[in-house]
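In what follows, a structure is listed as structure tokens, so that the remarks can point back to it.
All chains are identified by letter, namely A, B, C, D, E and F, in their written order; residue positions are counted from 1 within each chain.
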Amino acid sequence: MFAVEVRDHIMIAHSLPRPVFGPAQGMHGATYVVDAVFFTRDLDEDGLGVDIGAATTVLAEVLKPLNYKNLDEVETFKGRVTTTEVVAKHIFDELAAAVADKRLGPGSHRICRLKITLHESHAARAWYEGDL
Amino acid sequence: MFAVEVRDHIMIAHSLPRPVFGPAQGMHGATYVVDAVFFTRDLDEDGLGVDIGAATTVLAEVLKPLNYKNLDEVETFKGRVTTTEVVAKHIFDELAAAVADKRLGPGSHRICRLKITLHESHAARAWYEGDL
Amino acid sequence: MFAVEVRDHIMIAHSLPRPVFGPAQGMHGATYVVDAVFFTRDLDEDGLGVDIGAATTVLAEVLKPLNYKNLDEVETFKGRVTTTEVVAKHIFDELAAAVADKRLGPGSHRICRLKITLHESHAARAWYEGDL
Amino acid sequence: MFAVEVRDHIMIAHSLPRPVFGPAQGMHGATYVVDAVFFTRDLDEDGLGVDIGAATTVLAEVLKPLNYKNLDEVETFKGRVTTTEVVAKHIFDELAAAVADKRLGPGSHRICRLKITLHESHAARAWYEGDL
Amino acid sequence: MFAVEVRDHIMIAHSLPRPVFGPAQGMHGATYVVDAVFFTRDLDEDGLGVDIGAATTVLAEVLKPLNYKNLDEVETFKGRVTTTEVVAKHIFDELAAAVADKRLGPGSHRICRLKITLHESHAARAWYEGDL
Amino acid sequence: MFAVEVRDHIMIAHSLPRPVFGPAQGMHGATYVVDAVFFTRDLDEDGLGVDIGAATTVLAEVLKPLNYKNLDEVETFKGRVTTTEVVAKHIFDELAAAVADKRLGPGSHRICRLKITLHESHAARAWYEGDL
């Protein structure tokens, strides 16, 4: 299996209003350094799994509606708790839709799996990985 | 598959008294930066795979009996060669037991897989990964 | 010159309500990975510039009132723009006060300089460094 | 599954003479920081998946014919586009051959899987992973 | 002293045709991960040493003529050996000129010092630091 | 000022038999990832501050007597407490002697300053920096 991984980041505010979150129940925030992996079983005739430039562009497009936002006020997250896992799954779903829309170029159909990692500090991260 | 990874570290001494280890046969030591991954197939109603706070606490508890120790004198390793792989497997087994004891909280039963990575330098690391 | 550096982190929300900040004017947030350096000209009789354990403890104490907070509502920042530089200087001042109070142990008087770095992403950081 | 990962690097020039590569069509270059993972289902009687020293040595041997080279002039890549993915697969193939030749020591037969990651910058990497 | 540091990278080819460079005399290449530090003695009324967005933009502008190039064919380096140190000093000079041209915004005159680090691998880097 | 930094590492055991070290009084160990910086005011005619190859070789030579050792039994540390700071200063002194012996090549006399950093974990490091 081939894989191409690109990195970007977002800086968001949110609250986690459930008792389990203790001191994180109030409004606080995070920098999420986001790594997106695109898996393919083979390479195209240019030797590419996915074009790193296209991957970087699409990841930035997917992240833009979240960057510099208060997630408590972002429509897509209304009524949901925006844990790192939930945000990772959201980005996964958005990138999966971008793949389905062939926004990763003519070889988009070869992408068979994605993994989205959100680093929330030097000591903690979460990810969602799944087949397309 | 969802995953949550937390980081801690231990500073240990040990010897590796077998010819294959060459200059590492005598008493020396290592900082092991330890990454523990908890995998779940879904999230709980709070949007959590596993609570990062709980994961950090349990990892620290599992590491405490090893930290600042000479592994040659730690009972659990008597008669064994404490390679990075062996120590990774030991931490895996201890965390698997913690999961079985529901020390990761009420959602412990959802944890289906663990991966324990020990970074022994900027240029080498080892891990053990397995289903629970 | 000797130096000892320890790392911790905080997760905060804030807004930067000035035109120069463009999309960061609204409520958003950041993980600040914080590195605090304690400089000394010599070592004490135990071979220490500053005790890493004490440095870690005092840094955590200084960060605690900021962690999981909305800086817009933290009294000490009222009327100020909480850029990374401003927060770095605040932490510098708090640590300088801790040194003056000998909270870094009996050798606190030997600490002659501090440097506080805030990493706001994998691609940007800011610091304040100065003599005591 | 056990895994041992070692790191090295190469500094190469190449061109990517296809329209898809835009500004990278001309002669340019890269530092590839290379991580090689050796997977084994169990450990040998010395507690090793694979000896880190042997893994480091064999990885260096495999990288040597590429290091400080213009890949456009390296025989093995004639007629091929040397994307990060293609170079990762080449290193995978060379290491797989080294495993088959038992150059990883008497336990080479236990190595059942390899993963070769090439970091081309702080923000992009690619890998090839497969069973032996 | 305040400092703001931003990161970008370039991927270049070059040769180092002097005997001291041994195997690096021929055409090869490097990814240089570039960190640029802008030092100021104080902050402006927005709490900024230098605007991270402006710093990122100007660094990208300065790097663009080098990125994806063969430095042997770049006019500015004709007759010079493009070691990591030489390229760091070149970027320093270009950024110093940008500061003099007030391309870092109205507060450009407050920038009193620059430091430009080029990471050429995980194990080696070089920098040039100087007052303006 | 120009600077060239190279990285290596050592894996050592030691005890810190003073009350201030609490749980670290007994035999334990550390991986020290060692960064050595060589400062020069100018470059030689080959564009070098110091040759990275030579710097790497000399650092490895200086580290070899410490690597895989129990520092409690290393003659040079007899009667001393081998804190990270003390070991950093020892490596500084050894590299300063190497510079004085012109082991960094014909341009050794241009090296005017050294900085030796020992990373003992992902969260703590210490260094010694001084003029030659």
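Everything below uses one rule, namely that contacts are C-beta pairs under 8 Å (C-beta built on N, C-alpha and C of every residue); 3 or more make two chains touch, one makes a residue touch a chain.
Treat the numbers as computed from the prediction; the structure is a model and nothing was measured.
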| item | value |
| --- | --- |
| From chain B, the most remote chain by mean C-alpha position | E |
| Identified repeat of the A-B interface (over half of residue pairs identical), from D-E, B-F or A-D | A-D |
| Same or different residue numbers at the chain C/chain F copy interface, by half rule | different |
| Distance from chain C to chain A - Cα centre to Cα centre, in angstrom | 30 |
| Whole-Å separation of chain centres (CA-atom averages), chain D against chain F | 30 |
| Per-residue overlap in chain D, given as positions that touch at least 2 other chains | 7, 120, 122-123 |
| For the chain C and chain E complex, residues of the former touching the latter | 18, 20-22, 80-86, 88-89, 120, 122-130 |
| Footprint of chain D on chain E - complex, ascending | 7, 9, 11-14, 23-24, 26-33, 67-70, 73, 120-123 |
| Chain F residues within the chain E interface of the complex | 1-8, 43, 46-49, 51-53, 56, 105 |
